[in-house]
């Protein structure tokens, strides 16, 4: 698989989902940003029955970041919520042929997903309490 | 008159007379040279009845020097012996369009002619005594 | 895959004009005027004649005497020669020079090295539009100031300095004035007989001439030391075999580069572009609105990440700042000096139009920029303030 | 008027090979690869690809890794960069360098300036044939010696130095070794992977490439400071916009310049010429009889004034010494260093043959030289001894 061209394809036409309606059921949101890296990422995730149904994202960042967010969103959908902390950017960077100096930017995607997971856990706690 | 081209013409085909026979009548010779200027000039002149009949020359020098020697030889022929000290290189340089930095070389032609004149005067003195 | 590719990077370099190519070709090859112009034989003299013609053509473009034009390998070398050469040869006059933070790297880096060698360098201030006020320059001049170096047209923003007024400040104080005119030739007139300018850096390749050849104008009487040594070419100011085809092409290019004829065309393309771009909400112009060369527009797209913007517009050859910065992650030093944040400097594009830019090229570019900006804007919806201001 | 004009001045510069012209032309003009190779857009990357190919072609010619080749404006600049750059960057290692009086002005003048800056310069001796003995070099090396600069093929005499042996002397003592190879490319092989050489100056225009572009090989790990500053091109060793057409042509020229193929042809023309010239009584060869490049012959015509000799042979493009000396009254510093008097040095001609020299060219030249030498010899009959010895 020609990974650099997957990057290009995903950057040029990311497969973005429509925004969630306000107060849509089971939707959590996580952001991460780093001004020095010039990146901001937001993931919005709808989890129903512990399964990630839909991932919506917004991103301000370099083409690699945009492409990898797109990949991450696709990868997450259909998985259990635990996948949110299993996004291994170190590994993906290699697979997708992203230059190593971009790793810092990509790690923000992990951060945003981790925030989603925390939100989800809180939501679940509230549901249980 | 296009003097630089007269220089070129005279340099490329100087109008040289044959060498004089040994002990030809009324022949005097004058040389001048300057190693630092990289020039050597020799004039051989046959004077009969105080008139310069024939001028033969040899020269090692730059094209301007060669051309001006050729001109001087032609100019001297048919004139009275006094002409040997009337070769005005300062004036000729201008007329012939020779660059001013060549003047030093040309002055050696005057010197060689002056030696000829001295020789001639000696010859005449000997003739009279 | 890409059906079109529009070149709007004339400030980085220009294609060589076909008439220039013809002149260059006449100097190459076994039947061309390809001898060494320093050789005294006939073939050498023919090459020398080409050099003489070119020297005259270049001189004429800036109203200089031909004998004050010396050939170099480009404006980078000319800038270095001006700074190092003048500061070296005029040590006894002083060890202070003035320049600005808006200058090309060739001047800035040379100034940095001079600083390391004990020269005191003052960076004269400029306003947010990138314009240097002559009063500020006058105030920076000291008794030990030897040289002022200010560019004519900025290569990143297109901002034009008032060289005449700046030069007057120098002339009044007996200070030498160097102008990097790499970007202005053929776009904005420059006359060293009218303006008090002592040294001018020129280059061929920004004006439809070949890359790799430039010149420096040195006013009669200015003391300067060479930076490259060996051989007697160019009056000892710049040794090395003169590149006949390059210089002949340079001359022809400058002969063709008449600002009176070209500037109106460039201006109309640039205005067409700006009329379209200004409708994009997040777009703002960098540099003075009117005091500018007709060929460059530098625009910030607030909230659009720079690298993605350029990648999305890969069918349009534009640059982020200067070409020599374009491979580097560092955002433009010029835009930062004009007060932009790193993020905004990186979100800026330099569009530069030229002789071969058509109206429909601009239409195409406008369509594409609008499309990609709105797509990336939507993608970045919700991003923090630092991405936009 | 002149019916013929024979070019025997290939050591001054060569015409550009038609195949090289074609490559150059592909990089010019609106439809060519004319973008700035430092630009990151597609047009820039196409230009960059041209540069990469050329860098590889040039590297291959001297068996170097491509990443150790850096482009300059010519061998003059490369020589200056080698000398100033190495002595500047290695100040703590010492302030002594070694070169020879046979070098090109670019090296000699740079060495002179270094001397004025406090560098101690030793000129290693050479024999009357212009050959440097490695033992003499070894004896000149001191503990504080930083650099040795010796040319590969002398541009005036064609004499070839034993670069391998000289380099060994340097390597043994940990001294950097710079070789000016401007004259040898395509005539004599040079391999930096086999020879202990640390820096090599190259130029395109002596090898059927364009004038105004050169390169320097810098062995990995050699410390060197740039002499021109500004911009990040060429790893910071040499800023300024890379001249795509020049570099592409340079690469092609070096790809074509195979000494194995060309040297035998050059040698046969040169030998034909020398076989004829040696019959002229007053002619003598300068420089070693066999340790020489196949393209140059330097001959003294004893007793024939130099300027007149050249003027008489105005239909033959030859030179008196190097091209950069040819406008000057000064006789060749190389011939004087080899023991000739001023007059004899001035009475010498450098004949250099090349790719387009035919057998009949040589026949014609021989006829003309014999004719003019005998005419001028007769004219100078009776001249003093200093004109001949």
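Labels for the chains are A, B, C and D, by order of writing; each one numbers its residues from 1.
As a convention for this text, contacts are C-beta pairs under 8 Å (C-beta built on N, C-alpha and C of every residue); 3 or more make two chains touch, one makes a residue touch a chain.
None of the values given here were measured: they were computed from a predicted structure.
Between subunit A and subunit B, the least number of touch steps comes to 3.
Centre-to-centre separation of subunit A and subunit D, using mean CA positions: 62 Å.
Inter-chain centre distance (subunit B to subunit D, centres taken as mean C-alpha positions): 44 Å.
We define each chain's centre as the mean of its Cα atoms; on that basis subunit C and subunit D are separated by 33 Å.
Looking at subunit A, one finds that none of its residues touch two or more other chains.
Shared interface positions of subunit C, defined as residues touching 2 or more other chains, are absent. Chain pairs that touch one another: A-C, B-D, C-D.
For subunit B in complex with subunit D, the touching residues are 11-12, 14, 16, 33, 35, 38-40, 42, 58-63, 66. The residues of subunit C lying in touch with subunit D in their complex are 2, 5, 7, 9, 12-18, 21, 24-25, 28-32, 34-36, 38-44, 72-77, 79-80, 104-110, 112-113, 203, 205, 210-213, 227-233, 239-246, 310, 314-319, 323-328, 356. Those residues of subunit C whose C-beta lies close enough to touch subunit A in the complex are 303-308, 311-312, 342-343, 346, 379-384, 386-387.
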